[in-house]
Amino acid sequence: MSTTVELFSAPAAEQDLAVVNLRELEDRAAKVLQTGPFGYISGGSGDEITLRENVEAFDDYRIVPRYLTGLDEPDISTEIFGTKVAAPIFCPPMAAHGLAHITAELGSSHGWGEANCPYTMATLSNTLIEHIATAHPAGPKWFQLYFAKDKGLNAELLQRAKAAGATAIVFAVDLERPGNREADMKNDFHFPSILKFPNIPGALAGESLGEIMKLFKHGLDWDDVTFVREASGLPVIVKGLLSPHDAKMAIEYGASAIGVSNHGGRQLDNVPGAIVALPLITDVVQGRVPIFLDGGVRRGVHVLEALALGASAVGVGRPTLYSLALGGWLGVHDMIEHLKQEFALAMKLSGAARVKDIHAGMLVPQTTSIRFRQS
Amino acid sequence: MSTTVELFSAPAAEQDLAVVNLRELEDRAAKVLQTGPFGYISGGSGDEITLRENVEAFDDYRIVPRYLTGLDEPDISTEIFGTKVAAPIFCPPMAAHGLAHITAELGSSHGWGEANCPYTMATLSNTLIEHIATAHPAGPKWFQLYFAKDKGLNAELLQRAKAAGATAIVFAVDLERPGNREADMKNDFHFPSILKFPNIPGALAGESLGEIMKLFKHGLDWDDVTFVREASGLPVIVKGLLSPHDAKMAIEYGASAIGVSNHGGRQLDNVPGAIVALPLITDVVQGRVPIFLDGGVRRGVHVLEALALGASAVGVGRPTLYSLALGGWLGVHDMIEHLKQEFALAMKLSGAARVKDIHAGMLVPQTTSIRFRQS
Amino acid sequence: MSTTVELFSAPAAEQDLAVVNLRELEDRAAKVLQTGPFGYISGGSGDEITLRENVEAFDDYRIVPRYLTGLDEPDISTEIFGTKVAAPIFCPPMAAHGLAHITAELGSSHGWGEANCPYTMATLSNTLIEHIATAHPAGPKWFQLYFAKDKGLNAELLQRAKAAGATAIVFAVDLERPGNREADMKNDFHFPSILKFPNIPGALAGESLGEIMKLFKHGLDWDDVTFVREASGLPVIVKGLLSPHDAKMAIEYGASAIGVSNHGGRQLDNVPGAIVALPLITDVVQGRVPIFLDGGVRRGVHVLEALALGASAVGVGRPTLYSLALGGWLGVHDMIEHLKQEFALAMKLSGAARVKDIHAGMLVPQTTSIRFRQS
Amino acid sequence: MSTTVELFSAPAAEQDLAVVNLRELEDRAAKVLQTGPFGYISGGSGDEITLRENVEAFDDYRIVPRYLTGLDEPDISTEIFGTKVAAPIFCPPMAAHGLAHITAELGSSHGWGEANCPYTMATLSNTLIEHIATAHPAGPKWFQLYFAKDKGLNAELLQRAKAAGATAIVFAVDLERPGNREADMKNDFHFPSILKFPNIPGALAGESLGEIMKLFKHGLDWDDVTFVREASGLPVIVKGLLSPHDAKMAIEYGASAIGVSNHGGRQLDNVPGAIVALPLITDVVQGRVPIFLDGGVRRGVHVLEALALGASAVGVGRPTLYSLALGGWLGVHDMIEHLKQEFALAMKLSGAARVKDIHAGMLVPQTTSIRFRQS
């Protein structure tokens, strides 16, 4: 095991990627990443049913475009928590960007910052929060919290993040224990010892995710949401929810937003794809708080669909790490700009002039016509 | 890039094709066309979901035939805008037939004319409208307009088309900007400089579609339909619609027909297949104007299905260019005659004596029996 | 073409086949049959959607077995038109068994006769009706009529068949013109000139099916059913129906049975699979006459399903020709006995003691449980 | 045939397996088992539709997890017939474990006993009941009865089992005759003569299952349930039921539990997968007796789904024999412990603290969101 750790090295290229689409980045990244890190990043849990459904379920809908609306160029910018951002796209929290590139979170945050879109700094970063924040010249920064057993540490982390410029807290509630990730089992994956987790004391290098998670509280409850809210004084996004019940509870406990997510299909397998869960959450939230979705977004039309079904913005996770591996911050930036272009084209061609014009009536289930005729 | 352009050459064969079915033409054409042109012609946008659904969704229905009706030979002829044509089949507008064959639009129009079926002359032809018209000895000719920024140019084009014999205008409203066509991105496809677009001033050779489209108006609106109608004095088919709302609007603005189309799956991906969108359009049009459909028609049974679901005639696009590439006007003619035969056989074997006898009651959704038994 | 014809030879083996299942016979037969004959026998029309649906749609149902019913050995025998037969299985009409084996219809009828199941003598046999009849020692014999343009010939054929022992007439109404069979087009298939059609004058050898069908009436109507009934004085099975409307009409015109069939997926493609059409026919027939189904039956559970959905017996077509090709009458007999065993086992394991105990309540749609829970 | 029998040898390894998932055990076991035994163990009947549906239909549901419930470690233990067991998982009856490993049932029962989960001793064991019982140090032991023609033998077997410690009788009612198992036909599979069936007199070695089953009663009826109940004085699980009707009858005849099973897809093919049949059984049982399910369970999430749909515990059949083949009792134990871990993780990540907290509301059909939006 230590042998594997010693041999770890991360890509270092800094370049544009000539991105044709976000899907292809996975195969390209597989060629520059080592087996263990690639398995950790790309893999899901169990039979990877949720991993696949995250992407594929976007195709369960069809977009019904409108023409002759007088629309020339759509405006893809939007406001999140009162701040204007370039597009309804953000970087969700992911651990250990150092697996993907030597610049680690400095690269990914720089890329997202240049694109003027929100970036989430993660508890399990390989870079100090304060350094990540400085690499991100523009766009809102959020901080994702894994809730430590030591409450004082939580308060300290929240205050450090706020001081570093975080404007919202992403409270990830779905990973007290890692899911059943077979790639990691087969690769006996441990974080390379060269990679540190400088934001938390005690997370030794060379450990597995399961070992690291022992530092964090098991048995989280709704009062912990209150704690995060009060200890940070910032809007709290409760992230990882898939059930309407939990969405209602989150609002009751003061959440400022709901994060619909299945952790990229990495926690419990056989849960609904994010886009599948979304409309049920939208129904109960009824516009009281924004909803953010991550999971499976690879296309401009996916962004449009998620917004039509009630999301305010969508996270783009794995493509961030793949583009980081392939081209550093330039790669990340290239990926985001490509997605922005696809999204702008989807708005243009479907007849949506502004982000807020995107609505559920633009979608029909894939098989509408036949079903309609039957009834 | 200029190298690629210099090396361009188009097929020149003139021959019958012994067509067994229209599907196989794509593979055959792939062998005689260069990579860039073949990619441009065959490709769709994005994940090509709509491209595939165009063809595959025809199989979501089953035809319920009737026998012992006393029918000997069906009559496949029909009337379109008061003119009798050999079959409810037409050539939809497509740019740059010069990519497929040295005779370009002269070949395709000749083939369709010999078959006595409507042919659409396109704004982005490689041949002058007047020359295309003369190569088409019989059958109605229509003219497809991309709406130029210069309104005078539009009026001039419409009058030239009318003078050349066009009896209807196809106003294509779904391509102000080209869709996300990855084959063209990968091939860095530009129209070969040897191919001219003689009907429009300023469309330089050697450009990409995106560059060319800058000559045309972005931000089209419904008043432009009125302009086209008044400037041409001809029936206007508003083409590229997929939403019931737009179909209603088109009728309100004086359209003489609706063109249900997703531009061959080349504009916004993830929109409904043409045959999927059709019945919803039929429901709102309620017989006030004819509906034309293009997208995915490869079989005589497809023609029958589209008519059963409300279309008056169907366009056959890519097979025109494939058969043109393989055999010039003789190839095109061969393809159309084969499709006519398949359609005649479909009418014969399903018990429809005349085109107007084809009705929705001939179809059932694929899984009817099981669903019926459940309720 | 004549070269091909001269080279024709048919298999001559007479042997047991050690049948494991009827599906595998196609691959085995492909090895002993020439390309043209195999293509003619195995092929369907168009995209072969109906050909595949015939077999696959049986899997849209699930059988719900009952246990502890006291059933030891089920009785698979049944009565058809008042005659006891060994099983609700029959040989449907098929042309030109001489393509499959040198014994032609003598082999197939002998095999079915030994199995004591009904056999249909076809108009387009390569053997005289009278000879076929003598090779079939037991079990009812039926005669299938293609309706000649010459009404006198029809009357003569019906009387010859009756004299030879036919107890019912199968009036095939779905093939005035052959379907769009691509294998035959690709193989330029003509019946080998060595094979004669001795029951009809004027059907020259070496012709295609399309040429032969010119001898028969196009434009059949319901009065022709009356003619067949009166000219034969026998029960008439109107075969090839898929629509409830036609089933009702057939009963009105005095049919003694309905033959639900799509001609083995060889006529109009994209029509419903036989087992898909069956329940709709059953609903309108309401038990007034028996229903026979052919198309896709390959398993004992398929027989059980068809009976549960309203059929009185099922035809087994291609497997007859495949087993004939592989083993002559012994092969045919072996195939039938295997199917009987599978059917007996299906009855035993589902708890049906007698054929008449099989009923619709034994089946559920494949996805019942989920759908039930939704409502 | 005798040649094959002489050459039989079973694996003998005793080792941990480093199980990553239960699915992969089949491929691994295929490498250590001979063709005939592997075909017998792995094969299903007919087209193996039910065999596949057993596993695949678990994916027709999605689990909707709840978070922030305060749950730290879930308790996966449960009570069955008043006895606490480590998990709601048991070994269902399977014949001839000697095919898989030289320790035969001694190995499998030892593994399950160490895991403290119920084990079912089978009539067709290769080991005496009394010996199997001693190898199983903990956890309930059940005895599966095939009902002999000789009623006295049944009574004797039941009393021996009870004396050996059996606390319940599994009355298997679905195999009077074996299903249509093609692997066994193709391999001409007979039990190797070296393997004895010491619990029943007269079952000679070297026979096929069909021959052996002639010792047992054909034509079982509901009174036989009464006999088993009275002759054993133990709770009776009527196993092999798929219809709500039979479940009701079983309760009426005094069954203490229902065993939902299709015999691993080995009896009648095209019957519903076990998890498909389960909710319909649950509906009629209405909690009056526990329901046990076997068929297709390969994942911790499958266990959770079955319990959510009404099962009290689930059997894990083939993986027992595969792990036995690969590692003897250590392998079996390893397999069970892995499944326990997956199940514990599924409970943890879905928010179920105790087995009895698992309920139907945790599941939705796979496509819920789209269907909801349509209505």
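General remarks:
We just call them A, B, C and D in the order they show up, numbering each chain from 1.
The criterion applied here is as follows: a residue touches a chain if its C-beta (ideal position, glycine included) is under 8 Å from a C-beta of that chain, and two chains touch if they have at least 3 such contacts.
Quick caveat, the model's predicted, so the values are computed rather than measured.
Placing every chain at the mean of its C-alpha atoms, the farthest one from chain D is found to be B.
Chain A and chain C have Cα centroids separated by 59 Å.
Note: centroid distance chain A to chain B, computed from Cα atoms, is 42 Å. Shared interface positions of chain C, defined as residues touching 2 or more other chains, are 61, 368. Taken pairwise by the contact criterion, the protein chains form one closed cycle in which every chain touches exactly two others.
Contact between chains, using the touch rule, shows up for A-B, A-D, B-C, C-D. Of all residues in chain C, those touching chain B in their complex are 46-47, 49, 60-61, 173-174, 176-177, 179-180, 182, 185-186, 218-222, 224-225, 238, 240-243, 245-246, 249, 267-272, 276-280, 360, 365-366, 368, 371.
Of all residues in chain D, those touching chain A in their complex are 20-21, 23, 58-59, 61-73, 299-301, 305, 342, 345-346, 348-350, 364, 367-370, 372-374.
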